[in-house]
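What follows is a pair of complexes built around chain A, which joins chain B in one and chain C in the other.
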Partner chain A sequence: MTSQAKKLYLHLRWRWSIKKFLAELLEKRWMDAIIPFIVMVGVVLMFGLSVENYFSSESLAFTSRQFAETAFVALAMAITLISGGIDLSVGSMFALVNFLALFLTHIYKLPIAGVIAICLVAGITMGMFNGFLIGYMKTKAFLTTLVSMISIRALVRMLYLKHGTDIAMAGKIEPYESHVWDFLGEGFVFGIPSNVFVLMVIALVMHIFLTRSRHGWRVTAVGGGRRPARHVGIKVEKTVFFTYAVSGLLTAIGAIFYAARLHSAASETGVGLEILTLMAVVIGGVSISGGKGTPGRVLIGIIIVMVIMNALLRNGVGGALNAFIQGGILVIAIGFDVKWLKHLFEAIEKIYVVPTYMKIPKPPDPRPGSGSVFAFNSRLKDAESIGVDRVDGPEDVILDRNDCLYGCDRRGLIIRFSKDDFSKREIFANVGGRPLGMAFDAEDNLVVCVAGMGLYGVRPEGKVFKMTDETNRNWTRLRDDSRIRMADDCDIAADGKIYFSELTNRYEMDDWPIDAQEGRPNGRLICYDPVKGKTRTVVKDLVSPNGICISHDGHSVLIALTWLSKVIRYWIQGPKKGKVETVINTLPIYPDNINRASDGNYWLASVGLRTPAYDLAMEMTRFRIKMVKFVPRDEWLYPNVNWGCVLKFNEKGQVLDSLWDPKGIFVHVTSMREHKGYLYLGGLHANRIGRIRLDGANANWVGPEAYWGKK
Partner chain B sequence: MGGHILNKFKAMFAVQHKLYQVETHAIPPMDAGLLPNDALDRFQVVPSSLMEIDDIVFDARGYFYISSKNQVFRFRAGNEEDFTVFAEFDGPAGGLNFCLDGKLMVCVAGKGVAFVGDDGALVGTVDMADALPIRCALSAVTGPDGAVYIAEGTIYHEPTDWYVDLMEKRQAGRLIRCDPDTFETEVLLSGLSYPYGVAISRNQKWLLVSESWKHTLSRFPIDNIKENRREIVVPNLPGYPGRITYSSDGGYWMCIFAMRTYLVDFVLTENKYRKMMMRSIDPAYWIRPALFSGEDFLEPLQAAHAITLGILKPWAPPRSYGLVLKMDEDFEVTKSFHCRTGGKRHGISGAAEKEGELYIVSKGNNMVLRSGEEVLK
Partner chain C sequence: MVSKDQNSTTWSLDLFFKGGFKNITQEQIILLIAAVFFVFFAFAVKGFATFGNITIMMRNISVLGIFSIGMGTVVIAKGIDLSEVAVGAMSAAWVLQLATDGMNLGYAILLGVALALFLGGLNGYLIAFIEIPALFATLASGIYVFGFVRYFLLNNQENHFLPKADSAFLFVGQGKIIGIPTPIVIFAAVALLAHLFLRLTRHGRFFYAMGDNEDAARMTGISIRPMKIFQYSLCSLIGYLAALVMMGTTGSINVRIVSSTLIFDVVLVVVLGGISLIGGRGSVFSVIAGVLLVGIILNGMTLLHYTLPTQDLIKGIILLGAILLDTFLHPRDEETARQGDI
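What follows is the complex of A and B.
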């Protein structure tokens, strides 16, 4: 019973981890808004309960109209902040557009459509002026908009002196007659104040724009870092210019609603609005250092600020003290913003890697003289070298029907060597990413797993096309794992379905050793159906699935689980369809790719050797957690990847043969292909492809023919 | 006296002094005189088929003596092919040195220190001190008054099991004084962290002791060692220091027989793992420093050791390493000869300089090496 309980405990620890959950939670983008959201709820409840009649409908309508106008300006402020700038002139622009709207309606009595158009154009023009200076003339955002703020404010004051009384008089003597105008100021849509309704629509559009559109991502990217944005080809000047124009537009919309509601052309309109909105925006979680924020957070921020300000006013706290409190809140919010950003990534980094307990059975002894089939020998020592220093890291190698040799290359290339003597090297295709496992389909397209990208195909003439980069999401995981992160090896079943492994979806290609340290089931087996164009995860929660091979009879998929030193089988046909069973329980090596042998058996490559010290470390979780934390990464304990080895096993999982390389030239063989009596060797860190003659092998056996028949 | 003044200066500023002590835990970078090079790979090999070579010395008449397995061999400089067996023992011979009267002292593993006359005949043996057998005598030196000082690395193990002593975190070494005529012994200090090398300072005032597990070189006033007025002259070496001999220009040579790595230092703090490892794994495959490596595929491997594009990075953390330091009379490291990760001249256990030529012994790879004049310049 106790051993059962212990087993369960170990299993749970293997599958779940609070630290991992927390790290993935913190990584979520919406986590940035969680604290503002809690503050908002707290503030609303606190003041709502303590201030009398706070939630009465009349009061609410008034507050919400005021809220919407400010929110437009806050959105204007936010978009400039997100793009890495700031717009201090929003308050002055607001005042000018307000004045303009009243002037055109009350003095000139223009039709309402014309008034709105002119006001919007005025807002955009002022924004474009700022944007031109900041984007194209490369002036500093802070100073430029400060100057705009002062000069536009001066303009407003002059205009007010000249026309202020006229507007006030005209409004009294002969009010502007327009239903639209009245609607803007006092109307309701579905019981919601008109401006709040418009605000919601615009906020939604802006949210979709910023988080789901290419242009929106560019704005965020520019805010995140101008130089990298420029390096990836974003037109930084244009993007910055655009954000200020939008800022002017949003401010103008807010000002029109304000004008329609209050009809007041006071010269002090909008004074301090820039500070109020800046405060709201930063409290809401839009980072002052740029690149972070959404309209939703802006609305949260503005609600917090408005509720506090209203409560202060109702309690008779006004003037200087009010401003003082505003300043205080702003300082706290900015301080929090800076600290949050600074420590969030550190915190994630600290807790992201979560090694777990992993005990694998003791392996057969591979030492020379041990008498086991794994006993170290020197049979790879006479392997020929092909393309020395002309291929960088051929993780997988493959030969086509015409005897041409293909190797994937770390630089995102597929290298092809001419047939017979392999002396001619050409770049067959440039797929990008880090190409890994390869397979030929029935039409002689080369299917390639590309780490960081997904599953891609290359037509015989060298044209690259995408097959899939997404699968169904695993809803028991917090992290969205629908994107294929590290496709590793693939093979194609007789019905054309492509089965491929994803080694890990928690780490990138360069970090695969960290996944090894973690020892968690972060990988899966995915199936892509080219006929239906559908991708589906068929086996989830696998520990480092790596090599994939369709069995000779086509009824099952063999999967090498690297860090478990194990080979399993997934049935795709027959009575056991959908079941998973173990083929080889334990090996003294870490298995990589599996490929068919001409004699009906399978070749298995070894990426590394199990060492006693490493095996022990895998059983000691805390040791590994601390090692990952305290020891520099270059000095971590690793599986021994410096000795190459190829194994052969049969359908029952019995290992028949082993070939070792004592010279360490073909260090950690990650793939091998049999072709016409030769075995070709590839290695993840190798600078060449190896080839060795197989005695007694079928000299006419060709891989693609074994799969798809002669052509 | 630069180092001495610096230490005093540091002591004056208590806070800085504390910081300085904390820092001794971190492995220092290999800078200045310690800058890695490939000088050791350029040494000439003295042809011999000797195995388990441990130390080398020369006498006033120009003879070299080399300890290997249970024997001490003798040859003349410039005539290295002519090896002759000089003396034989019933245990592996280690550190070599001379008494004032010319007797050769040979540290014999498990037996103590043997004194051998000019004809190769055994004159006497020192095998006990304070009622404990001397099992791990590593080196011996004659003081200005003729007394012999013996460094015993540990009371628990013989020299071949040095890494067990390290991984058990022992501090059980002794410093023993003995009279080379009556063979009476006296334990001067005990509880040392594997004292490996002993030497008399060039001004004859101090006894120098290198303590491997503490990565330090200390000195004691020679007229009053028992009081333990230790002064650390080299505080924090990046490796495990071994024997110390004189250089021809008034300084010292110090052998570093293995380097520290973050992983080994980390395992030393992880007691649970360390004990499990020592209990369940063959010592050859422990996470530990070694005198040689790269021969066996079950040895633990560290991240940077992965051979990439056919290259083993020489800066990778060394399981074994070849290093000889040269220090001036103030113990500043002025020069060093390295054989880095992946090299085959590792585990340097002995050095002797004669007439501008440095002879060293690579215990790990069973080699006697000769600098040639150019390297030494």
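What follows is the complex of A and C.
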């Protein structure tokens, strides 16, 4: 019973991890907004329940109108912060546009459309002025907009001295008559105050713009880093200029609503608005260092700030104490922002690799003289080399019906060698990414697994096309794993369905040995159906599924699990359809690709030799956790991956033969293909393709022909 | 200034400043402009070139100058202190409050020193340890310092007056030492001390080192964080001294000064004089040149009966010009510019 319980515990620990969950949680982009969101809910509940009639519809309508006007200004502030700048002149611009709107309506009595147009143009013009100085003249945003803040405020005061009383008088004697004007100030759309409605529309547009459009991405990119943005060819000056113009526009919209509601041309309108909005925006999770933030967060921030300010006002807190609280909140919010940004990535980095307990059965003895089929020999020593230094890292090699040899290349290429001695080298296709496993389909298209990209196809004439890069998402996991991260090897069933493995979806191609540290089921078997164009995950939670091969009878898929030193079978036809069973329980090596042999058996490549030390380390979880935590990455204990070998096994899982290369050129063999009596070898880090003559093999056997039939 | 490349034949502003007039510095140009303005106002504005006006002008210049020396030291180290006026004025106001409540003025002034040092040290802490950019930290602290001191330490009045019993203190603002108004003497003393400190002491040189390249300064072993706390404390202390002189001239402090544009006048003086916002440039002479020009312009505008908004507008335009000039002379290096350095 206790051993049962322990087994269950180990299994659960193998499958689930709080640390892993936390690392993936912190990686989520909405995590930046989750704290502000909780604060918002808390603040609204606290003040909403403590202040009487806070949620009465009248009070709400008033508050929400005020809220919307401020929110426009906050959006203006936010877009400049997101682009890596700041606009402190929003308060003054707000006052000027407000004054202008009232001046045009009350004194000049212009038609409403003209008033709105002039006001918007005025806002954009002021924004463009800032943008020109900051973007093109490269002055510092903070001081430049501080100067515009003083100058525009001075202008407002001068105008007020001249026309302030006229406007107030004109408003009283002969009010401005316009339905649109009244609607802007007091109207409702679907029961929502007009300005709140417009705010929602604009916030939505801005959200789509920032997160889904090319120009929005440029704004975020410039904010995230001017230098990299410039290096990738973004016109930084233009982008910065644009954001300030938008800032002016948004401020002007807010000011028009304000003017329509209050008809007050006071010279002190909008004083301190820049501090209020800056505070709101930073509290909402828009970073002052740029590149982070969405309108949603701005609205969260502005709700928090407005609720707090309202509550202070209602409790009679004004003037000095108010300033103290505002300044204090501002400093705390910015401090939190700085620290959050600084430590988030460190924290993720620290807890991302989560090793767990994994026990692999003891391997058969491969030492010479042990009498086992695995006993070392040097049969691969005599392999000939093809294309030395003309192909870089052929993880997989394949031959077509015309005896051409294909090797994938680290640089994202498929290299083709032709003629009898493979002396002619050409670039067959440039697929990009890191091409790995390959297979020919019935139409002689080359199907390629590309790490970092997905599953791609190459037509016989060399044209590359995408097959799939997405599968169904595993909803029990926090991270969205629908994107295929590291497709590794593939094979095609008789009905055309392509089965391929994803080694791990927690690490990139370069970090694949780190996946070995975890010993977690991070991989899966995916099936792509070209007829329906659908991709489904068929077996999830596999430990490092690597080589894929359809069995000779076409009824099952053989899967090599590298770090488990195991080969399993997934039935796709017959009575056991959908079941998984073990073919080879344990091996002395880490298996890689599997391919069919001419005699009805299978070839299995070995990426490295298991060592007792590493096997032990896999059982010592705590040891590995400490190693990951305290030792630099390049000093970790890694599995031995420099001992090349090819095995042959039969349908029942019995290993029949082994070909070793203890000191050879192939530090590790990741793939092999039999073709016309020869075995062709590829290696992930090799600079050539190897070939060795097989005694007694069928000298006419061609892989695609044997599988798909003659053409 | 860097010597110019002798092979360069292209005519540029660079050449103009560094080659054509090799020995002319920005301070000298500003001084020249100040002299032109002085002569111009002397002829054009009635009552400018009188002894009384010039004395008043020199007093105002002194207060502005002391503030600017505090700001200048921080800007040399690539920081900025937008809360200098707030910290100085509010500490001085607290001194008056304590004196009004019956405390000995001497003790009150010492307590004021402690408050200014504390608030300046807090600025430094926020900037050095929490790593908030100086602009944001001091923008916020200007607000909370005002709120904190006014709400917790002062009574509800806007104006705080020097008690009659302590009127001897007015000597600081209105008295004369060997025929020279005391504020000018104090300004000269502060300027001299600051100059000696920046030029001759190890820590003064560290200000320039930090301003030039903070990373390099840290790698050579300068304790950047304690130095920052020191810098902001020093700036607050000098600001407090300036506020005391201001208090001595009028016998009162109005807390409204915090939300006035005085702090921008200070930034204007510093940038105009040639202490670049890029850090590591300029000296006390820059402050003197800047403050003379700004003081003359402010005085002239007041005599011309320009309204305050008009003055603000003109100052804004001049400050913009100064920032543009600064950007032109010391362009931002896009390759090494830091994130958040806005």
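Assume the second predicted complex is superposed on the first by the 709 of 711 C-alpha atoms of A that agree within 3 Å, B and C clash if a C-alpha of one lies under 4 Å from a C-alpha of the other, contacts with A are read in each partner's own complex, and residues count from 1 in each chain.
What we mean here is this: a residue touches a chain if its C-beta (ideal position, glycine included) is under 8 Å from a C-beta of that chain, and two chains touch if they have at least 3 such contacts.
All figures in this text were calculated on a predicted structure; none of them were measured in a lab.
Q: Do chain B and chain C fit side by side on chain A after the overlay, or clash?
A: fit
Q: Thinking of the overlay built on chain A, is A:687 touched by chain B (first), by chain C (second), by both, or by neither?
A: Once the two structures are laid over each other on A, A:687 reaches chain B alone.
Q: A:626 contacts which: chain B (first), chain C (second), both, neither?
A: A:626: touches chain B, not chain C.
Q: Which partner does A:650 reach: the first (chain B), the second (chain C), both, or neither?
A: Neither partner.
Q: Of the two partner chains, chain B (first) and chain C (second), which one does A:698 touch, if any: first, second, both, or neither?
A: Neither: A:698 stays clear of chain B and chain C.
Q: With both complexes superposed on chain A, which partner does A:63 reach: first (chain B), second (chain C), both or neither?
A: neither
Q: If you stack the two complexes on chain A, which partner ends up touching A:331: first (chain B), second (chain C), both, or neither?
A: A:331 sits against chain C, while chain B stays out of touch.
Q: What is the contact status of A:288 with respect to chain B (first) and chain C (second): first, second, both, or neither?
A: A:288: touches chain C, not chain B.
Q: What does the superposition give for the shortest Cα distance from chain B to chain C, in Å?
A: 16
Q: Intersection of chain A residues contacting chain B with those contacting chain C?
A: Touching chain B in the first complex and chain C in the second, no residue of chain A appears in both lists.
Q: Taking the complex as given, what residues does chain A use to touch chain B?
A: Per the touch definition, chain A meets chain B at residues 366-367, 376, 389, 392-393, 513, 609, 611-614, 616-617, 620, 622-623, 626-627, 630-643, 664-665, 667-668, 685-688.
Q: Which of the residues in chain B end up touching chain A in this complex?
A: 261-263, 266, 270, 272-273, 276-277, 280-282, 285-287, 297-310, 312, 316-317
Q: Contact residues on chain C for chain A in the complex?
A: Those in contact with chain A are residues 126, 130-133, 135-137, 139-148, 150-152, 261, 264, 267, 277, 307-313, 315-317, 319-320, 323-324, 327, 331-332, 334-335, 337, 339-342.
Q: Considering only the defined contacts, which chain A positions touch chain C in the complex?
A: 84-86, 133, 137-144, 146-148, 150-151, 153-155, 157-158, 161, 225-227, 230, 275, 288-290, 319-328, 330-331, 334-335, 338-339, 342
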